[in-house]
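Chain naming follows the written order as A, B, C and D, and within any one chain the residues start at number 1.
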Amino acid sequence: MQYALLKKDHLNDFISKLAQEQKVVAPVSRGFGQFSFEEVADASRIILKHIPTILPPKKYFMPQEETLLEYNLSEGQSMEAVVECQKMVLFGVHTCDLAGIQCLNIAFSERPKDFNYLIRKNKIAIVGLECNDYCDEYASCSLMDNHFPNGGYDLFFTDLGDFFIVHVNTQLGDELIEKTKVFERADKSHMDTLAKMREKKRGIFKNEVDIDHQELEPLFKKSQNSKVWDELNKRCVACANCTNVCPSCYCFDVTDELQLDLKHGKRYRRWDSCQNEGFAKVSGGESFREKRGERQKHRYYRKFLYPMAKFARFFCTGCGRCSRTCMAKINLKETIRSLITEKA
Amino acid sequence: MKKPKVAFFDFACCEGCQLQIANMGELLLDVLHLIEVVEFREVMSEKWDKDFDIAIVEGSITTEHAVERIKKLRERCKVLIAYGACATIGGINGMKNNFDLDKIRQTVYGKDYKYFATIKTQPLDAIVKVDYYINGCPVYIPEVVKVLKAALAGLPYAVPDYSVCVECKLAENVCMYEKGVTCMGPITRAGCNSWCINNGNLCYGCRGMVSNPNQNGAKDVMEKYHISVDAIKNKMDMYNTCRELKDEQKKR
Amino acid sequence: MKKIAIRDSEYEPKKSRILRTKRMTATEKLFEIALPGGKSLDHEPGQFVEVSVFGVGEAPISVSSSPTKRGSFELCIRKVGRVTEALHRLEAGDDVGIRGPFGKGFSVRILEGNDLLFVAGGLGIVPLRSLINYVIDNRRDFGTVNILLGCKTPKDMLFNEEVDEWNKRLDVKLNCTVDKADPAWKGNVGLITSLIPGINLDPDRTFGVVVGPPIMYRFVIKELLAKKIPERQILVSLERHMKCGLGKCGHCQIENLYCCQDGPVFTYDKIKNLKGAL
Amino acid sequence: MSKRNVKINVEYLTRVEGHGNIVVDVRNGELNQCELQIVEAPRLFEGMLCGRSIFEAQHITSRICGICSCGHTLASIQAAEDAIGFKPSDQTIKLRKVLLHLENLDSHLLHIYLLVAPDLLGVKSFVPLIDSHNKVVRRALRMKKTVNDVCDILVGRHVHPISSIVGGFTKLPTPKNLDAMLNLLYGMQPDMEATIELAATLKFPQFSRDTEYVALVSDTPEYPMLSGEIGSTDGIRMNKKDYRKITNEFIVPHSSAKFCKLSRSSYMVGALARFNLNSEKLVPQAKEVARAIGLKPKCINPYLNTAAQLVECVHSLAEAIHFIEELKGKGVDYSQEIVVGIDEKGNIPICAGNGVGAVEVPRGTLFHNYEVDKKGIITKANCIIPTNQNVNSIEHDMKKLVPEILDQTDDEIRLALEMLVRAYDPCISCSTHFLNVKFVNR
């Protein structure tokens, strides 16, 4: 079956049945209009209408800190590469974040493959959730063409009032449906409602910035020496919030930690950020992106230019998190607008 | 391997950072397996008058007598660790530098104030060379352990030079500024895992400032969140007053 | 949270034995290392490995020996920080972890049949030595060979004995220069760039291979271009901060290139327009 | 009595928090001088508080002393709330009581195991005990760690608690947190029993001096710690607002330190004082322990302050568990979570006033007193720390003790004096009122 139907009243059954078997994470409120993905036991805390969570779901695919290696220095040194992972269902992922996960998939599947990521990823079932309307003024998902579902999920929920239409995309998705036994068959009238909603959505979601999707790459190509970066240099406070909250940023640092017995130790990988001052410093003392503006530019280019050459896709999903969280009001849409004006 | 001799000393401080050592639990026994503590006045009666390898020094310098004492200490040890905010940046004791020293002494001690010798609060490195810094008020045990291991191995330890916001975001806190609260996180050195924000309070800046804060950018931040310069200055004057003192000294 | 062991993880170093060490200068030390089971590293000159000191960390280090040397390989390491400091304390018989080799080296297939001009500043000799020794071991596959070496003072000179041997060969031309001489120094004094104009070369069939500190590149490349050597025949090896060696961690990125996978060896035409490459 | 000369000058008294010297000078069997001198560098907290908001006071004053930072926090909050007339909710009070009991437990454990036990076991510090009494040391560290872990859950950390502020708590424990705290505390009970057994074997020196004992008292059946009036064994009972009449700080000619007295020449605060005044309000388990180790009110041997601390440990553990269980039973009301800087700006009305906080912290009654202007800015601050109040009593004890033990060797006398001072568990680093007395260099 391609599409199924879930009555809203049954959402709680769906979640709690799943939660009995494995970890289920879903968006919950953190107050102050903010949300985060957290473990839930039932649907009571889940907020269906949420703006992008503080951290994207990447925290489950690539945790803030993870062990890569365990070693024992006694008895002639032994070591073992490990991955920490857990079966789970990730519920309520917006289309922008689905795109973010796809970006990470691509980056980590490229050879040499990163098994820590890939093994963990395979343990996570993804249930998407459609946005029927804009989250807030920071979103630019339409510009990035991520406002409609584009794969990357096992099940995809669209909220149509009393019920959800559920797209079943994978066998795993089908299994979730079979296992929980709370879904019904979707008939033509339901599909019509879905189509109507989508049509309406097309009217709401317009390119947030006055530029064609295709023109983004050329725009950044010719903006190498733009004054906009000098402007950002003055404003950025290098708090690295923009990269930490970005669903497609995956830079990391690797550190060793020895226990106090000085025998057992671990090698960790932690999120790192190209906005941090020491990120590109080498032993001679030279730092290759010393100015904050250069680092900001690097961030933008890693979203709009470099990945185009490498993976033929943008790494910005349009989720708007970086602008939402920036301490210094640096706004992605504004930056693009400034570049357009400057080049016009 | 001979165990390195380690001694703890304190100057003006609350001794909370030394207490953190006792709070390590049985981990402490692991530490004591690696080092020989020769002096630790707070919990030991043993005294040591010879040289030793590592001095772990808590507290800030607030009297002339202390200036002489820390200089002598420095001569006796190979490695000196500044331990806790008071030692690394002057700490809360630095707040008195906001006042006229005579006036503040009068406030507290009345007419007898002259008995209380005091000088402007200074961190240890204003007077002697410091080899390792363990920031924080109080120190963060995981970092203590890290630095201790580095010091024992004679390897460098670099305090993170990025802001508390980095760790705060990783902990997925709702930003204090979103709540309308002025937080020192953006200009404070990380390393505490955003301890205070994780527990619902704001960052007071106890770990000292990042080396290269963007003064200009701070204006945008204040504008975005409608906060006044005074609000920031007020918080700066809690832990970071000695910074100015240091800048002055550098100029001299 | 479950913990699963991964076999053949890219992050798992191979436990390798230090066979021999040699102190070269106050800050540089040479290590001869063997992979487990005497397996050969199979590297290309210019490639690097990630060296682990467990409990301290990992650092990218160029392989300094030629692939023609079998059974073991050599690293020459300068003491600058945590990992390198810890490495310097290790001696023959100690173990380190090795991952790699990583990156693109100097493709000898392309260099074969051509004239070579090596320019090494400071620590740049370390990766270049791998190629020079390869060339010398396969001398008849290459045209004329010119070597220019530069460093701060005679005391900083690395691989003295080997350099002497290169110097003694009739089929290799070698020139050394120091920024500051001492009384015993008989060679040139001055910048390495000053040696280039005096060299006689056929630009069409000469490859310039340049390795050194960042500022050296700008000036040396200018001289080579003045000699009409084509851009794609100028090879450089770049140093960037690196954590994984797998083109993931982001530290070594230069615009759209990852130094660890796309480099560290680049031809000049590839990077000349990249901001912040040189 | 022998006509001997004794000169004792214990510089940098060890195993106490902060710096103090003992100076004793006996000539021809005459006690010439007998002082406890405090050489802590003045830190001027009361001055630094001026110009600060009452909402910052807690953060600052907790740094007076790392050992009783929770106590300072609670006294500071109480003074601030008292000044603006804010009444905390029942839930907040309960959580604060848990915090205070944890603090009491932690501090007493530190004192009994790491500071006093070495004396009673005849060694210089706990370090030699690691080999000779490994189990005991491990138990001590384990118990301390447990209390710490509970504090971490409750307020972020034990040293300089984070989430306890004026108005309430910035982070309230989740049901999972409550369970975790309970499990940790239940798990501590066997260790507590072992502690009691150990204590029963320790021999305390015999000495007595009748004096006045001061602590919070109340008419409720609860052993008063966080609130109450000030009472004494001499029948004094006063409102906490009148604390100045009780502490009666005065300057004595032989020392420039401020001393305290009430009905008599000195008084004592701390675990023993609380026990002497309120022992009938202890939980049954604690009463049982008191009976077992033979501690009865009114006990006038200051060395037995340590024994009273042990009794209080049992009490505090039981009470902490009791309050957490209550919170769990009732369910935590999360709407009471305070947003630092917001609730304080809007929801907590501010007015000018004068407030006093009086809290029983491990070492005795701690007073904070703030004068606040209408913007909530502190214009005047006064903190009176238990050790301030005890110093006079310590000196009186020493003066009585020295002649009684003059036949002992210098070393024995020195140890007896050190042990006496330590029994009071003095916390000199927080003694904001001590003068920097001249060193006696002879």
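Following the convention adopted for this analysis, contacts are C-beta pairs under 8 Å (C-beta built on N, C-alpha and C of every residue); 3 or more make two chains touch, one makes a residue touch a chain.
Source: prediction; values computed, not measured.
Here the chain at the heart of the structure, going by C-alpha means, is B. Comparing the CA-atom centres of all chains against that of chain C, the greatest distance is found for D. Of all chain pairs in this entry, the one linked by the most C-beta contacts is B-D. Note on chain placement: the centre of chain A and the centre of chain B lie 37 Å apart, centres being C-alpha means.
Note on chain placement: the centre of chain A and the centre of chain D lie 51 Å apart, centres being C-alpha means. Note on chain placement: the centre of chain B and the centre of chain D lie 25 Å apart, centres being C-alpha means. Chain C and chain D have Cα centroids lying 65 Å from one another. Residue positions of chain D touching 2 or more other chains: none.
Within chain C, the positions touching two or more other chains are listed as 56, 81.
Residue numbers of chain A whose C-beta contacts span two or more other chains: 257-258, 262.
Applying the touch criterion to all chain pairs gives A-B, A-C, B-C, B-D. In the complex of the two chains, the chain A residues touching chain B come out as 30-34, 36, 54-55, 59, 64, 234-241, 244-245, 257-258, 260-262, 271, 273, 276-278, 292, 325, 327-329. Listed in rising order, the residues of chain C touching chain A in the complex are 1-7, 9-13, 15, 52, 54-58, 78, 80-81, 84, 95, 97, 213-214, 239-241, 243-244, 246-251, 253-256, 275-276. Interface residues of chain A facing chain C in the complex, by the touch rule stated above, are 67-69, 71, 73, 76-77, 79-86, 107-108, 110, 112-116, 119, 224, 250-258, 262, 265, 267, 272, 274, 279-284, 286, 288-289, 294, 298, 301-302, 305-306, 309-310. Here chain B touches chain C in the complex through residues 150, 153-156, going by the rule given at the top.
Partner chain B is touched in their complex by these residues of chain C: 56, 81-82, 85-86.
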